[in-house]
């Protein structure tokens, strides 16, 4: 009954097996290996476009690297008030960018409200030497409320940012869950909707330690600088093949989406079961693998006592996260403890 | 005949197997797992002291994190002119420290000369508001010329630094090779010689992607800040057990030293063989797993033509690196191509 | 009819005369001069406490230096959403702190609402390695809406911050106007209300280029680091006596408060006159030397046409700033043009 | 007998008078005033070229701003081992650039040796992702040994840097003394010799607090970013006219060169007098207003006892600095005390 986080889950066996398979003989270091190239080729197919790929060891690093390649130190990043980059990365974006400002915007269900975005764009000028100009809009998909931006929702926000000459970044620590949730193509959720860069996370979705930054064509000119920043941040792993191997297995035959679909389905099942209980109600729609649910105190206490793993959330709800390894039996066990 | 670098070598099978073994069930994330604790316990035994341990994904990150915990932004780090932190990390120490200064010192065979160290300590004051005070002495062991500092050599330099109130850091990307080379205990090579922090690298020595920062008792009070910096730098891996597992296997039953001894022995064999050739001579003593040798041009060209992997070094020598996977047959093949 | 900003006003003649008087013979450089010491002594009397003083060349520098001495790079500063440090300093606080986060809070009339402050303190934990802990509360007095915090209002907010172990900074670019407005003592408006540091601006109040950071006893231990940061930021002027001389004249015989009282009085007169016009109304109370007034479009246009200097403000109001040099005739001229 | 530093000297009366004259009525703030424009026009004439001008409050700030506009955070600056930017600015260049590396080069009499420069350019590659590429060569003129680079010496070094795609910065804290010393035109000493940017210091040469960064045509495209950095660093003074006024007076009718010539002449007179004493000898040629002289210990002690102001230098010599206010009588008094 562990629903604490998808970071507590193991890796999918195929991922570890791929690392073992990659462990033969010599290979060029620092990302010049054949597996890294193969993953880039795979991603070009999946995203239906040319792109540039760079690996990182954590989602925080991937986000901060991407933002630092898009936003100058004297600029600002617009993000949701609950964004991981703002709330949960100990200022890594500020560190990697050299002191850029994060401007937090409100919006229901973790989505930046269009009105709030337009207000911020009106209030923060692009060409006033005294003020930090917004240079990047960062959206999370899945977002921090477990909700998915549709291609249209992404495109609407990206278009507003583009009108002000800004870049668009997507924090895709749970991008696989967003693809599985929306049924939209990876391309439609990213560059076709106006995104310049994507942090593509595999760790939460079934890898051991494998994250990536993808630059889409509009931002590919920044790849050389991104690579320099990767090195300078200690993210250019010497034996990069071991990150590449994880992605290779994770992307093969749609495994990444299969695993995401399983996690999403288990979250839905859990949400349905919990909401059938008296006094329980969802705080946010359950698009992906996270369930935010308001629980009567006695129910929450009973679950804790039964050993269920979940976190109380700052907004008063309880967060349950399903992962690729969650099965119906886990959901049933939790619901049984609840009921 | 690949002697390009120990970073092109695969991981030892035991390391990958340990990752597979660790891949069962849920585990606390971000370093709170049981394997991480076990590695810390192992290291306390190996180093015969209390200590604090923190993992990183690359040697550059480990070095830069350690230095940033020891040196304020307005201070300076004394290091050898050829130090990896100065020459090969794209300014990562400057980045992580917030702009500390690296002051490069000369010395034969990659070792900081005592006279140069004393000069620098005399020239750079500790309490002059206009100048960056040296706050850290960083030694590499093995160093960048492939040579090992003995406990006494380390202690002499550390004592000079300590007299000026400075901390001492050891870049141990190839620390295992230094232990194997000197026969000294890990304790004698580090904290007993005055070191406050060690970057302990496993990647070059047989792991896939596993580095660590160790704080010895005199610096343990800085652990909380080090951990904050680890998070902020994107080095706090979500599924940390997969780094811990690598260290666990690498340290078990002295595997780390067995592998280092093998690499060192192969380097020695290679050095002996090469130096028997007309016109070839060592640029530096071969203490560990690196051979720097001056080769007649025709000989170097013949080796290249035969497919031997090695790098021309800025000082005009050729660098050959043996790894844990190098065998006598590899050495023989190279010598045959040479002869 | 120039009401654009108190930064467009000249310096008071006594300030320039003091610089001329200071311009005799040799004087120790970098702040070790006798005039600097005299200003510190004067300020101890004025603030009725021991304190540490350090000069800067701009208000932005004074604020950023003060914040950087109080807030680590991995921490956060709570401030009003319209705070100068957030909106008008091009990210200087982020730059000087090495990437600290500014968290913007709402509140009427430029004052941080207590509820918003308590919410932020509840939401942003002090001891969670993943999140930037709020380490400083920064209040502006006068604030950016031209309003003054009373000693009690300051103390209430400072107490909440102190309960969480935070420091309190006051941006006093127009502190003289706040003292004149409230009639409270400088001590009651600062350290007695819980402030640790004050950016004391003289430039807007009648100096040419003279700003200061004052550390009150609770923060005096940070003075050595503050001085290092002053040097490192290029704010340790070689011939510091010329900044000291300005402060010396400005503080002598209460000149600073006389000038502030004149500016405040002119703002009040202007506000009364404008609000007597049909359709005009104040956006904020006029505590100090700034008037934010909603004007009918035709009236605003008539004033512009008549050559009146003022700025349209983002909230739709018009801002008029009186300075020490503003006289009743200036107010009358503007009102005549309006009427 | 104060020969401690030209920073202990007063300002020339004309400079203070100009500030007083500028102190009338309102003026646009932040550098948009008419005096700032007039100084820029004056400098275009003096340097016989188009250029961009920006003021700063200290030489450290001017240097660090200039370097930060020319060198990325992941690059390096080549400078003399004794350069002010390396030894005397508490890491300000590292701070303003976001962590660029300063690489110190040797050379007699404070001049970077051509051989050392060529070696560094050979050793530090431009296109290797692991190493910080040298992006700027910084020369001081006058340099830290009181010597002047001739136009040819500057051009030779600049040409080597340009061949590697680097920019060239000149630290001209005592540029007036270099012009007076060499008799060369300001243009020949800077942009015609390959310089992209000049820190032009007036403070040591007779101003109160007035420094500038000049971008020559090849670097003018970086002006917008330089201005952003000026703001962000708290160097964009609100009442900029008071810095502009100082430069205006200092440059008028060649006052800057008259004052520098006087200081240089007094240094020469002092050097001649001291070197006539038994056991005294120059450590460096006396090109400008600084004298570095090796003195017998008894002589140095006698001078100190007589109240002479000078500093013992790290190389064992004694440094005497003449300023615009030094007169023959001061030199005579010192020589009398010595003899």
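Just so it is clear, A, B, C and D label the chains in written order, and each chain counts residues from 1 on its own.
Keep in mind that, in the parts below, contacts are C-beta pairs under 8 Å (C-beta built on N, C-alpha and C of every residue); 3 or more make two chains touch, one makes a residue touch a chain.
Not measured: the values here are computed from a predicted model.
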Let me spell it out: compute each chain's centre from its C-alpha atoms, then which one is farthest from subunit A's centre? D
If you tally contacting C-beta pairs, which comes out ahead, C-D or B-D? Let me know. C-D
Per the centroid of Cα atoms for each chain, what is the distance between subunit B and subunit C, given in Å? 50
Separation of the C-alpha centres, subunit C versus subunit D, in whole Å, is 34
Can you give the whole-Å distance between the Cα centres of subunit B and subunit D? 41
Would you please write down the residue numbers of subunit B that are in contact with two or more other chains? 30, 73-74, 89-91, 95, 98, 129-130, 228, 231-232, 236
Touching subunit B in the complex: which residues of subunit C? 30, 73-74, 98, 129-130, 227-229, 231-232, 236
Can you check the complex and tell me which residues of subunit B touch subunit D? 73-76, 86-91, 94-95, 97-104, 122-123, 129-132, 314
Enumerate the contact residues on subunit B facing subunit A in the complex. 2, 4-5, 7-11, 13, 16, 19-20, 23-30, 56-62, 64-65, 89-92, 95-96, 203-204, 208-209, 228, 231-239, 242-243, 309
